[in-house]
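The letters A, B, C and D name the chains in turn, as written, and every chain counts its residues from 1.
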């Protein structure tokens, strides 16, 4: 049994520091790096790429809406062509740093509102897939387990990876409980580690029509901006290793 | 005898239209496309790349300071590392569209204040060269004839091309007369065409210490945002062809 | 009989020119000036305020979403508190220029997606009203005739003015036909002038449940970014004057 | 003997938190609030104004260059008219929140690169003064002791206040040692408190030509983004009170 541990990092901007990148990088197998739209700037991107390569962490792009003030979490009414173009832009920008530092771009995971929309909105999901596929058919598309994004990714012949969230609550249909609602966030490291192990073993059970279905998980998302993010990451890694679950980055099926 | 005709296009932004891209593209051999910092946005970039490919125009990147309101013409006090990182970012972003549309990135020409600083400031020129070289040693670096940028480009083993401006006034040291000063801008298409032919034939004579020197010109810059930009471009092309000067895009020496 | 003629101006940004402000200003009685979020910048704002005062045109604020690339036309998922705060910010910023130039701020009209949301979404409409009322209880709130915005404005004891669009199509419920759909835009100056006169005389007939209702119009919006915007404005003014409809700016009831 | 203690706060942006506003506010007599250009956003501005009023701290505007990524610390080549317009814009925006919350705008202090330029560049200093005076002749202009800004402020009949920095090194001409150079920053709270008491008592001795001169200090700047900022602020206040120096906000002469 194996699992990928991913985290969104490189979310600082200019003087503004967000997240404990150096503390978390040693514990994860994949990193999603912000691309200068909802967070990150060229200097931050370069440093984060470098840090990832030092720790042999697989690098992915984390494109989002161009809304720094809202951190890419406010849904914006982009049309699909705009989404496709912004995806290409951000993939290209991050890719330049990865290439300059001698690494490879392995995966893509949309951020925030874009991720959430792409989970349920097929037109948006397709726009993202078109942008990714135009950049490279080899990029692994990371999306919510059971989401429209993964469905569209398969349709566009992209390798896909199903993501699970050990620190978020789930609704019966497999979608995340929206932030702000009760049970949306788990903060206790012990509980998060427990959830992580369970997600690896059991996946996510959802109600699809009359029947129950199980969504398998390929990668677990750890959040880098919690107060005890590095400690939580270490705890999750420890727990998974105790259970003989191997932590390794995504690879094409 | 031959010369490249280049123009800065793709400078629109969202609803804001700048320049007659469609009118000028047929007349030039190289285009410098804004990369979303001082001008341009992902959707504009993609359209401009497409338009260039339709007209078999060689594509270059036109990176600038991230100052849309000042159109990248206000000098900003970036340190060299920031410049290097912003260059990489913008090269990567544009490159994604070129690759998606099936073209190649041929050259790089800094924009506005960055161009002017790199003409005289070696640290800034080196930062640009490092960014370009990290992206690709094959990119042709376009800079002011006689500038620090070209000198540093040669030092970094980049192919370089010397640019001349048929619609701008020159100072005795070979630098452009700053915008706003008398004689800084020529607007009459006939005079611009005449200047173009002369720059091809004679280069730019400058006073370097006690002696006169001649700077050869590889590429002429036409401006795309003049009222009669397309007409001027057509006139310049016509005049050069009358003089049996072949118009063709830059190639590595 | 009398009517106000308003137009959204001051929508240029840096080097980017949008609309024929100088051509239109002489024909209107009220101007809505962009406040640096979806369009406009401090220098543009100041010039537009000056131009309005020269032509004795009543000045209003035209706040929008902070999305220059989307020109404030893309719905953004702001929460009501954010909307209230952005309204205050933009009112204050514009107000500084009006005060510096010796004028008065008379009215407020939300822009683009904010206008459209406030037409139907009461929480958003209330947030705008709170922002406006905190700034001044004397500002006249301009909104779509029959909209939630006007309803909420009345609830917050703000003077309100109902707006009609002679160059836009209406749906049976009184909302504008969304841009992009057939019939959403009228471009012929003659038809626009005819619509203007009709809107003054007859208002807008809407179907409200089983009964027909008539919405009275206090102000007509002319668009400043059409190719023949100045000509259209002149034609509308002429037609209204032929029909003995007096053109004058809004005043408190 | 009395002194004002000021601090730059409200420098967070969206999700990005900078500085310990709540920890520092109780210890100061004046606050300089960022206005959404180099830092701050409408929601942050409103909260900071509220916090200041709760603690009876005098509110000032802290306008800066529109360069969030560079935090307003990168010199930008604005022309004086642009500076004047940006000052007005930011004063107006902040003022709206102060008015909404029932407070008064007392002073203005330019931020970062703008502050530094205005210390030595008279044209820039005048532009700032024009912007401030257009907004209100009653605003107290805060600038570096001995600076061109204060000189120009007096010329424009603005009340002025001379600022000293207990945590920064000074050069013999009275300018601050630029950040990054040795001795530019003092971080030990004890030394800062000592410097504060000395600045109150002795002012700053500078070499002006052949003679020594003493610059009196009206207000001391405490930095809010140091690791131990709140502790330092408390220590400074304590030390000053021990020395019977009264801490009170600026007032017009």
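What we mean here is this: contacts are C-beta pairs under 8 Å (C-beta built on N, C-alpha and C of every residue); 3 or more make two chains touch, one makes a residue touch a chain.
Note that this is a predicted model, so its numbers are computed, not measured.
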| item | value |
| --- | --- |
| Contact-graph distance - origin subunit B, target subunit C | 1 |
| Shortest contact path, subunit A to subunit C, counted in steps | 1 |
| Size of the rotation, in steps of 5 degrees, that lays the CA trace of subunit A over subunit D | 180 |
| CA centroid of subunit B to CA centroid of subunit D, Å | 42 |
| Residues of subunit D touching at least two other chains | 69-70 |
| Contact footprint of subunit A on subunit C as seen in their complex | 66-67, 69-70, 74-78, 113 |
| Touching residues (chain side subunit D, partner subunit A) in the complex | 13-18, 41, 68-71 |
| Touching residues (chain side subunit B, partner subunit A) in the complex | 36, 42-43, 45-46, 81-82, 85-86, 88-97, 99-100, 134-135 |
